[in-house]
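Two complexes follow with chain A in common, the first pairing it with chain B and the second with chain C.
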Partner chain A sequence: MRREFLSSEQQKKGIHFDPRTKLLLILIISVFVLGGAGGNAMYFLRPVLSLVPFAMLISVGRGFHAALYIIAYTVCYVAQLILLPILTGFTNFLVLILAGTFCRFLPGFIIAYFVVTTTTVSEFMAGMERMHMPSKITIPLSVVFRFAPTVLEEAASISDAMKMRGIRFGGKKSSKILEYRLIPMITCSVKIGEELSAAALTRGLGAPLKRTNICEIGFHFPDVIIFILCGVTVAWAIFSAFSI
Partner chain B sequence: MSKDVTQKVSNHIGGKDLITVGIYTVIYIVIIGIFGALSFIPIFIPLTAVFCPLIGGIPFMLYVTKAKKFGMTTIMGTLIGILMFVMGMGYWVAITGLVFGLIADLVLKSGKYQSAKRTILACGFFSMWEFGNLMPFFVGREAYLAQLQEGYGAEYVSTVSSYMPMWILPILLIATFIFGLLGGLIGKAICKKHFKRAGIA
Partner chain C sequence: MIEFREVSFSYGQNEQTCGIKNINLTIEDGQCVLLCGESGCGKTTLTRLVNGLIPHFYEGDLSGEVWMDDKNISKMPLYDTAAIVGSVFQSPKSQFFNVDTDSEIAFGCENLGLPEQEIRHRVKRTVRELQLESLMGRSIFHLSGGEKQKIACGSVSALYPEVMVLDEPSSNLDAAAIQDLRRTLTVWKKQGKTILIAEHRLFYLTDIADRILYLKNGKIIKEFTQHEFKKLSEEERHKMGLRSLSLENLSFSSAYVTDLEETMLLKDFCFSYRTGLDALHISNATIPKGEIIAVTGLNGAGKSTFARCMCGLEKRCGILEIKGRVLNWKKRLKYCYMVMQDTGHQLFTESVLDEILLSMETEDEEEACKILKKLDLLDLKSRHPLSLSGGQKQRVAIASALVSGREIIVFDEPTSGLGLHHMEEVAHSLRELRQEGKTLFVITHDPELILSCCTHVIHMKNGEITENYSLDRNGIKQMLSFFQNPIKEGSL
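Entry: the complex of A and B
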């Protein structure tokens, strides 16, 4: 299967969320879990927020991924709670880096994974347009989502090819990594990008008209629940910031 | 100041330009990300102010050969800021992305998007967005360190804060600029050596 960030096919089963709700979730989780805003006051809310990606994955019928996620998260969380006070020195550092980073990054990563695999480009654009985001931001942003997997794929292929020539970290020609890996990657990406650009223009992206969209988006009951959760989180963060 | 060469190309940013912005943003972020990912090792945190501008110069110098309209570099800076913010680098980077993108854009405009010196200068200014990633260490330092401590423990924080003392702020700010200029020079050389030959610059 081709790797893609924003899917081109609409999600068929499960609960549909509005793209704006999903964006709000990404924002909230990246601020409070990944960015760690709110400090100690968020100590109890953070695991709750971390459960949201789990619930979201269940809601679209990806039980397996959801289970993997919840197991990984619990292990890291427990490791942090139990192992850290015991260990010292290097092992402490290792556990710290592994468990700490995982606990921080995993929820954000999973929610981003959930959002990009269940939202189509059209839905994303429709949501952005409803929020009155200027097209000068939304078009490049959707290009970013569309194009990022391609660049990563190119980078991986070039990395494989250069490994064969011995241009790798610790290899004979490790000094040439920059020139031999970065430059081909940029060249490839730019050429693919030019084709992408031509394809999009053929479909009328550059036309000076207001673009229409056939996606039906709107807020429903599941969205309201997410909004309440996000509202509570923000309110709690503000409340605790002022009460201290 | 009268312009001798009037460009017939419209100054309005069209669909093609927006796609170009998107494409170069991805390339830029992927390249920065290679070094940015190292930054959970404490010593690499101040060093991001050296490596990221240095490496980022290559895609940026290629980008400015395509971005000949006012606003494109600003949009790129803003996008990088937004994406970095979503990736958990704090909200400062969204601001620095916009501000330094705009400054770089103005510098480019002052050179009519032609001057080689101005392009390198713009690269130096543009690279300063990177400083936004390090901003939480200086503005609201206590809160940020406490928050790091909660996630990574006291030992990590003491190491990090010894690498990131308060007095390093102006040094890092200047470093991003200087290494941005150097990155621009490298980028220019690489453009000449590789990209022109490949027919993409």
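Entry: the complex of A and C
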């Protein structure tokens, strides 16, 4: 029933990474695996980077997800290596598209999933503040994290109401579904937003002071390993770009 | 000391809530003041003047001054007021800024830039004082309304304000949560805080409030001490439009004997969410047809899941047998209708008339007007549904249920946050629906509503119907004993 952006409960087991480390990982994997930056020079590093999501999932005790991921990734990778040279025509094209897409998208997708499910909103905010993000960016972001699940809940009860009145695709008034959904959605979002702001203001939000954040974050040994890995990747990419 | 000096305020023209006129009021330190009166009497406005939301958040015409000791609240920025006045609001779902309970309690202190060590100390102390230990480290999306309200109180408390302002804090709470709220208020009172509370439900406050102000049309027209207030006769209370002052001597007109000749049968109403929570498991139940059935129980007992299954909103859940007809979930989607707690969710069109026409199999304006007339809505037929008052919206939702020929109508907390007269209006419409032969289910935490219209009670706990009785003399006793002693139920 409940959908959330970012986790709202503290991660209970496994290794804790700093939210900044996690953001860096998303960036590096997106650039080099998803974006394919570095070209052929990254041929060997790319599979190594793709192993990172696997390691991360293991580190928080999600062995099952980790196994699923590594199997899916290996199958696609091997398919690219073995099948592509023997296949021709349409089947070649199909395998290239499917396996290629998976190999590129899966690591980025999994690492994002890992970050989103293991970082609490407060950790994320603390991380942003440590990176000296201005509060003009961090406060709206935290509102989104807070507001989105509530709006989704409202949307769910509006669809219930539509179901009860028999308004559905293929039913009566299907052309007006969007309008019927949007109008109550907008009015209740405005109402909730207003109440939310009033409550936050009476708790002192917006004071022209430096906000304290009591969430404990910081770099530890596991973060250092990730940093070294990322550093090596970037250095390798730069080095190979120049040596050509 | 809080002082109102000749304060008048009116909202912009579009607001339905009316303002206040010429208020002169002095509240001494440590007093607990209860503001009561019917909806729109200005009690919420008064609380907003104390926490500074008026004039800094809600705009309008303000004259006069509100002082706290030597500070003029109306001129102070909100973040300064935040340190001396704490506010708790009506709706538990929209007064959280964080998504986990720990951060929420620290939130106010963080905003004021207090040192980290100090914040940790304050959070710890607040948790101990208000007994919040079991709620720490939780996601607010997994808390019940009552638990959220406790955290809201904690979050305010950690700021160590001198004044607490509460605006209808019990509207969405069940009986057990109200007792918790009462305990929190007692703690604050012992700490010597000044408490200002606007409320409809009065029974839990009669022993706490030192001073009771009765407002009407934006003016304070009567003032009572606790002693005087308790001695108020039933007749006077009724005339003032106030909810009852205690659950012990609730009056009821006549005990009712349910006609058990016509019944309906519930089979296999079983449902569990993917998380495994809030499950419903009713394998078999017989419920009278054509009655007004109160569905009682604490939050999380499965009442809303029951309502959703009844209306066919959960796929493949349960069979309803009624007069030899067997209705599965798909058929119930057309046979039952739910009037939601926030009726704004179920009104889609641009006018009240369109709303009714939308619900008809074949659009027939004459028929629609007939229904509107019956529900006293004919004059409003070209108004936009979302511009109506709460009670009118509710009646529009009822009208669309009637016009589409629904036999069972489920009401989800129809009287939360309503004063006596509005509650009686709801009870009146419910009774009229029953006379038309409809079967009504009313999910409610309001014993007064049950006494004024319901005829049968099903009590739920842990997803099961634990009691199923008609509201005769014994039934009334049984029902009231739950509302008087909900904690016993919770701890079992």
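Note that in this section the second predicted complex is superposed on the first by the 171 of 244 C-alpha atoms of A that agree within 3 Å, B and C clash if a C-alpha of one lies under 4 Å from a C-alpha of the other, contacts with A are read in each partner's own complex, and residues count from 1 in each chain.
Methods note: a contact is a pair of C-beta atoms (placed from the backbone, for glycine too) under 8 Å apart; a residue touches a chain by one contact, two chains touch by 3 or more.
Since the model is a prediction, treat every value here as computed from it, not as a measurement.
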Partner chain in contact with A:120 - chain B first, chain C second, else both or neither: second
Which superposed partner A:200 touches (first chain B, second chain C, both, neither): both
First, second, both or neither for A:51, with chain B first and chain C second: neither
Contacts of A:189 with chain B and chain C, given as first, second, both or neither: first
Partner chain(s) touched by A:212 [first = chain B, second = chain C, both, neither]: second
First (chain B), second (chain C), both or neither touched by A:140: first
Partner chain in contact with A:98 - chain B first, chain C second, else both or neither: neither
First, second, both or neither for A:75, with chain B first and chain C second: neither
Chain A residues contacted in one complex by chain B, in the other by chain C: 142-143, 146, 179, 183, 187, 191, 196-197, 200-201, 205-207
Footprint of chain B on chain A - complex, ascending: 26-27, 30, 34-37, 39-40, 43, 84, 92-93, 96-97, 100-101, 103-105, 108, 112, 135-137, 139-144, 146-148, 151-152, 155, 178-179, 182-183, 185-187, 189-191, 193-194, 196-197, 200-201, 205-207
Partner chain A, residues of chain C touching it in the complex: 51-53, 56-57, 78-83, 85-87, 89, 91, 93-100, 102-103, 106-116, 119-120, 123, 137-142, 152, 155-156, 159, 273-275, 308, 311-313, 333-334, 336-338, 340, 342, 344-349, 358-359, 386, 400, 404
Touching residues (chain side chain A, partner chain C) in the complex: 1-2, 4, 6-10, 120-122, 142-143, 145-146, 149-150, 154, 157-158, 160-167, 172-173, 176, 179-181, 183-184, 187-188, 191-192, 195-215
Residues of chain B that touch chain A when the two form their complex: 13-16, 18-23, 25-27, 29-31, 40, 55, 58-59, 62, 71, 75-76, 78-79, 82-83, 85-90, 143, 146-148, 150-153, 155-156, 190, 194-195, 198, 200
